[in-house]
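Next up: the structures, one after another.
Two complexes are shown next, each including subunit A; its partner changes from subunit B in the first to subunit C in the second.
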Partner chain A sequence: MKWKQKLSENILDKLSIDFLKNQVLKNAYGNTDTLIAKLDPRILIAWYLFFGIVPWFVNDVAFLLTCFLLVMITTWLAHVAGLVMFIFVLGVFSQTGYLLIVSLFFGGNASTILPLLILTLKVTTCSLASITVFSGLDPDRLSNGLMWYGCPERLSFSIAYAYRILPMLMEEFQNVLLSYRLRGNPPDHSGWMGKIRYLIYQVRIIMQAFYPLILNTAKRSRTTVEALEMRGYRYAASNRSVKKMKLSALKVTHLDSVFLALSLLWMVGGSLLMTWI
Partner chain B sequence: MKAIEIKDLTFTYPASQTPTLNHLYLEVEQGDFLAIVGNNGCGKSTFCKCLNGLIPHFIDGDFSGEVHVGGLDTRTSDVGTLATQVGYVYQDFENQIVRPTVLDDASYACLNYAMPDYLERGRAALKMVGLSTREKDYIWQLSGGQTHLLALAGAISLRPDILILDEPIAQLDPQHADEVYEILKTLNEKYGKTIIVIEHHTEYIANYCHHVMLMKEGGVAWKLPVDEALRHVDELQESHIFPPQVTQAAKRMQQAGTLAKTAKLPTTILQGMSTFQNCRYQPSFTRPTLKPETEKPVVTFKDMCVCYRSFKGEDRVVLDHLNLTIHKGDKIALVGSNGAGKSTLMKLMVGLVKPTSGTMFLNGQDVTGQRTKQLSPYVSLVYQNPEDMFIKDSIRRDIAYAMQVRQVTDHAKRTDELLSQFSLETLADRDGRLLSGGQMRKASLAIGIALNPPILLLDEPTANLDIATRHDILRTLKAIAATTDTVMIATHDMQLVCEWASRIVVLDDGKVIADGTRDDIFGNPTLLETVGIRPPEIFSMAQALDHQALLYTVEEFTSHFKEVGS
Partner chain C sequence: MNLAQNKAASQSQKLMVFVLSMALYGLATLFTELIPSFQVGIVEFSVEYFLFIPLTLAMLFDPMSVALGAATGELVFSEIMLGQFGGLGELEKFITVTIGVYVAGRMVKDPKNLKMVGLAAITGTALQLMMGTVVDILKVQLAVEDFEAVAGLPASVFVTEGFAFLNDLLFSGILFCLLPTLFLVPKLNGKIEPLLGMRPRSEQTLSGLDLKLVLGCVAGFAAACLAELLATSGTALIEWEADWAGSQTVLWIGIVVASIVAVLIFQIMRRQAGKERA
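And then the complex of A and B:
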């Protein structure tokens, strides 16, 4: 029983805001030295468009499997944070994965499994490709890449700024939650009913905590808005030469060519090999 | 050419009946270091926003008069052009930083104004403020003081001739405050910048500024050279500005006849050396001895260790085999530099932080690792940022919350009592966030003692307050200490420590390195040096005159020093 209690406590500890903050930061900025992070964001976005769109229109298992294996490798290369991977696995499983397992149990045969397998492969490939690009690149490079493709300046600024204030927001949220913990009177959580009551209480507190969070954030943003004005944010948004300067830092290198070539080679070779098998 | 010329400036906010700035005239010379003082609501911040063009270009209102900054008329120049003349650093500077890495943020404005050498400008600005080594770091890796310097770098990257800082050191501990002012001094002397600070720490004004401008009801009462300005003791105090302690002491001694009326009022310790040169220390034998530790222990820490997981690299040890016993009736001041473990120790006592190892006893029982719910009837924590204590939409409901959820009988009555005890009755139905700094702090104290806890912990209760409000809070703290058994305050405010605490605990690197009365701590120069504690100015003054003199307040000083022959 003791280890069971330990385990449940451990899981609760893991799910603290601190942990979430840690994982978000790690995801955004923790892996700037990986191979994926070094690639040019424009190349990577183009690469992503291929693996995010094409699989939906192809039903050839060999091709899909090759795609899947490739994005699996790139995800591994991008050193994605554990939490993101966990959410990914949970997501895929709740979408289609469980159907695959259920149909296996209830005597499904190849004709039922195959369409499900294809669907699962499509979903996973597409998600893993997104994870590789959006979590492997740091938000700044990503937003510069998007800007090159003509996305409005506001969108790319929002992405970068969101990451800048996220840690602040989470800290604020954590402090408000601590206030509830300090002054609140949570129900006793012994027994199954207690555990459920405790969980309901916590969810309610988390929802209530949004009110002070929003107000505190609004208070902060007054300064930010004025500062942005002084620091020329509006001026830059309507100035083409600023965009050019921002994008001049982007450069396609040999690494990018090698990455693209290897991806292509893998796809052609893999598909042929799979079909032959 | 003057750096700033203002003629008949009047500004009224749209919702307001009376003008915030009222027929204001001012001239500031190039290369000046000007301090703006004045009580809350006298229009200091509004005035500064007129200089950088946010008024009238970005903030609406009724504007009349002329403002020339660096030769530019603010009505006809846009905010961008003015930004190359005037840099501005907010009081809540962390909200001014919008980019994730240091160099990025420092060069952000230059990039926006399409300057091709934006990176060099950013680097040059970082060099001026001494952040060159941190240019690749993420902003959340910086300390509070460094974040302030980064905000400053962001402003000077556009190479303005004028820099305006709104309460630059309000949130900083003394070392960082010194650092910021030393850098401002360099910018002023070496780079010829005109610097304007809104400041109420008159000790810093005396040591660094050239001129002082007193604002009153939206106008300029006077602008004088710093020494002369600070000698207007009565006039300053009317506006709730407290002159340096040495100035106050000399003034009082003159009034009491223990110092010659002709003596010049000193504004710094150096000047005090000559003013007080004929004063002799007269030790008294009736000095109140502080209560010995005879009471029973209420909280005991044994070999406490706390580590935090960090997002890159090794885990950080915050408390390192800490041992401490807190007795019933103690009024403890917990001091030490930022990151010494003060906040962690307090969070540990309310169960918000779990120890890595070690034991904590509460009233003789082992309570290590107990949840907040079990500890909160005995220990209450009020944290540094009062905004985070407000979880309801009025302070009445905030104060009542903890009692309501515990079904305390007649909680409504107790709430009313608390509201009147902290003189908050008229504000009871307002949202806590919308109150002034001092009112917010009082409300958070009322929330903290709502459950009548035997142990009360306060994290930086006087941070971010102007001096007048600080005095008010200090009175409130003394009143609380009379009704609450045991109080512990974590603070950088040494005047608070000296006037309030019966016991001082010094933390350094997660360990208790000193523990005793104020004589034990402040009488030990080596200790002060190692942990970087700065005693109140009046203490240093007394020490400079006589090594025997351990005097902590202006009152103690004036009653123990007398001029020979007067």
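And then the complex of A and C:
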């Protein structure tokens, strides 16, 4: 009985907003010293485009497995935060598992499993490639890389802004929630009905907490935009020479060529080996 | 204050609305991505939709900026920051969220009219969910070859997706979209607009459903359908080429050649970039 209580306490502890905040921040900021983070963002985005699109259109198991192993290695190299990986695994398996159970229910048999496994392999490969690139890269470098490919300035601004504003927003949301909890009178949560009533109360508080948050964020976004306007943001965004200046920091180095060459070698070698086996 | 000035928000005000909707909806989707859903039997109870935030904002401010901001916020906060960017699938989400929120926002002429607010909220949600369902079904059909041949798969996909749609609409749609919107819109109306230096929405500042909106929606739907059709024909094309190539070895040689060409193109691009800089 005691260990059960301890376990549930441990899990609840893990699910606190503080924990979520730390994991997200670690994922966003915590890994600038990995191998993946040192690569050129443009090369990595091109690399991602290959591994994010090609697996969808190929049904060759050998090729898919080789892709999968490669992106697994790169994900490991990128030092992705634990929570992100956990959610990813949960998402992939619950989705395809659910589909499998329902298809068995509708008269499917063992032969249903193979296409589903291939589907899972495809989904996993694409997602892991994206985790490697978008989680392993520094936000500033990522937005510069996207800008080089001609993405709208709005998008790269949004990425850079999101990384700056997120810690503040999370903290504010937490504070609002805490103050609601301090002032509120939660219903008695003993028994089954009580538990449901308590859950409804919690959800209602979260919804209501958005009211002050919306007002505060409105004030903040006005300040942000006014500060941006003062520096001529909207004119700079469409100016070619400003863009050039911004992007001059990007350089393709020796490391990038090695990375690309190794990926290529892995794909060709691995696929050939697997088809022969 | 002349009428022309009230009618349209200025560019910087549109940017403010964009930033506001992006930050708020981004934060909300980040939470939903992190909070696990729980299932009771076959019915899934998840806090899937914080769609009430962009819905509320779209009814108070310029709907297009809010819709684009919400879609961008979801993309940036919950997909790119958590590294769960799904490529093509995200494009579909982007379009469906934009259309759903925009339509809901345009439907409301007067935020004080609660009946219209509720109707618009549920319409926007249903629209977004329905488009998502259709795309989901098509996606599975594309990814699994010989879709019809696999026993039990087609029926199960239609049933799971259809059920998920109804479940989402009736549970998340009412609890997390309709009710919070009905709560927030009257509360925020008249309070939040001055913070961004605008006038509250009234009959004059926005014309409701007009011809332009209908045309825009038709164009949006057409674009979405076209994208789907392109994707379908794209697979057919690749399948056909593989047939023509015949043997595995030819395929591998093709891949090697393609990668060499890609590297060469990159070299040329680099050199071009270098020249531009020099």
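The rule is short, and it goes like this: the second predicted complex is superposed on the first by the 251 of 277 C-alpha atoms of A that agree within 3 Å, B and C clash if a C-alpha of one lies under 4 Å from a C-alpha of the other, contacts with A are read in each partner's own complex, and residues count from 1 in each chain.
Note that a contact is a pair of C-beta atoms (placed from the backbone, for glycine too) under 8 Å apart; a residue touches a chain by one contact, two chains touch by 3 or more.
These numbers were taken from a predicted model, which means no experiment stands behind them.
Visitor: In the superposed model built on subunit A, check whether subunit B and subunit C fit or clash.
Guide: Fit - subunit B and subunit C, as placed by superposing on subunit A, sit side by side.
Visitor: If we overlay the two complexes on their shared chain A, which of subunit B and subunit C does A:L155 touch? Say first, second, both or neither.
Guide: A:L155 sits against subunit C, while subunit B stays out of touch.
Visitor: Now for A:M230: first (subunit B), second (subunit C), both, or neither, which partner does it touch?
Guide: After superposition on chain A, A:M230 lies in contact with subunit B alone.
Visitor: Of the partners subunit B and subunit C, which touch A:K219 in the superposed model: first, second, both, neither?
Guide: In the superposed model, A:K219 contacts both subunit B and subunit C.
Visitor: A:I118 contacts which: subunit B (first), subunit C (second), both, neither?
Guide: Second partner only, subunit C.
Visitor: So, does A:R181 touch the first partner subunit B, the second partner subunit C, both, or neither?
Guide: It touches subunit B, and subunit C stays clear.
Visitor: Would you check which partner chain A:V252 touches, where first means subunit B only, second means subunit C only, and both and neither mean what they say?
Guide: second
Visitor: Once the two complexes are overlaid, how big is the angle at subunit A between subunit B and subunit C (Cα centres, nearest 10°)?
Guide: In the superposed arrangement it comes to 90 degrees.
Visitor: Regarding the shared-chain residue A:T34, is it in contact with subunit B (first), subunit C (second), both, or neither?
Guide: neither
Visitor: Once the structures are superposed on A, label A:M207 by its partner contacts, choosing first (subunit B), second (subunit C), both or neither.
Guide: second
Visitor: Which touches a greater number of subunit A residues, subunit B or subunit C?
Guide: The larger set of subunit A residues in touch belongs to C.
Visitor: Once both complexes sit on top of each other, what is the least C-alpha distance from subunit B to subunit C, rounded to whole angstrom?
Guide: 6
Visitor: Counting contacts the way the document defines them, which residues of subunit A are shared by the two interfaces, the one with subunit B and the one with subunit C?
Guide: The answer is residues 139, 161, 163, 208, 211, 215, 219-221, 224, 226, 228-229 of subunit A.
Visitor: Taking the touch rule as given, give the residues of subunit A at its contact with subunit B in the complex, in rising order.
Guide: 13, 18, 22, 25-26, 29-30, 139-140, 160-161, 163-164, 167-168, 172, 175-176, 178-186, 208-209, 211-212, 215-216, 219-221, 223-224, 226-233, 235-236, 239, 241-242, 245-246
Visitor: Spell out the residues on subunit B that touch subunit A in their complex, using ranges where they run on.
Guide: Per the stated touch rule, the residues are 49, 52, 54, 58-59, 79-80, 83, 88, 90, 92, 94-100, 104, 108-109, 111-114, 116, 118, 138-140, 154, 309, 311-312, 350, 352, 354, 372-373, 376, 380-381, 383, 385, 387-391, 393, 401-402, 405-406, 431, 433, 447, 450-451.
Visitor: Tell me, which parts of subunit A touch subunit C in their complex?
Guide: Touching subunit C: residues 20, 24, 27-28, 43, 46, 52-53, 56-57, 59, 80, 83-84, 87-88, 90, 98-99, 102-109, 111-112, 115-116, 118-119, 122, 126-127, 130-136, 139, 142, 154-155, 158-159, 161-163, 165-166, 169-170, 173, 203, 207-208, 210-211, 213-215, 217-222, 224-226, 228-229, 234, 244, 248, 252, 260, 264, 267-268, 271-272, 275 of subunit A.
Visitor: Spell out the part of subunit C that touches subunit A in their complex, as residue ranges.
Guide: It comes out as residues 11-12, 15-20, 22-24, 26-28, 30-31, 33-34, 36, 47, 52-53, 56-57, 72-73, 76-77, 79-88, 140, 142-146, 150-153, 155-157, 159-160, 175-176, 179-180, 183-184, 187-188, 191-192, 195-197, 234-235, 238, 248, 252, 255-256, 259, 262-263, 266, 270, 276-277.
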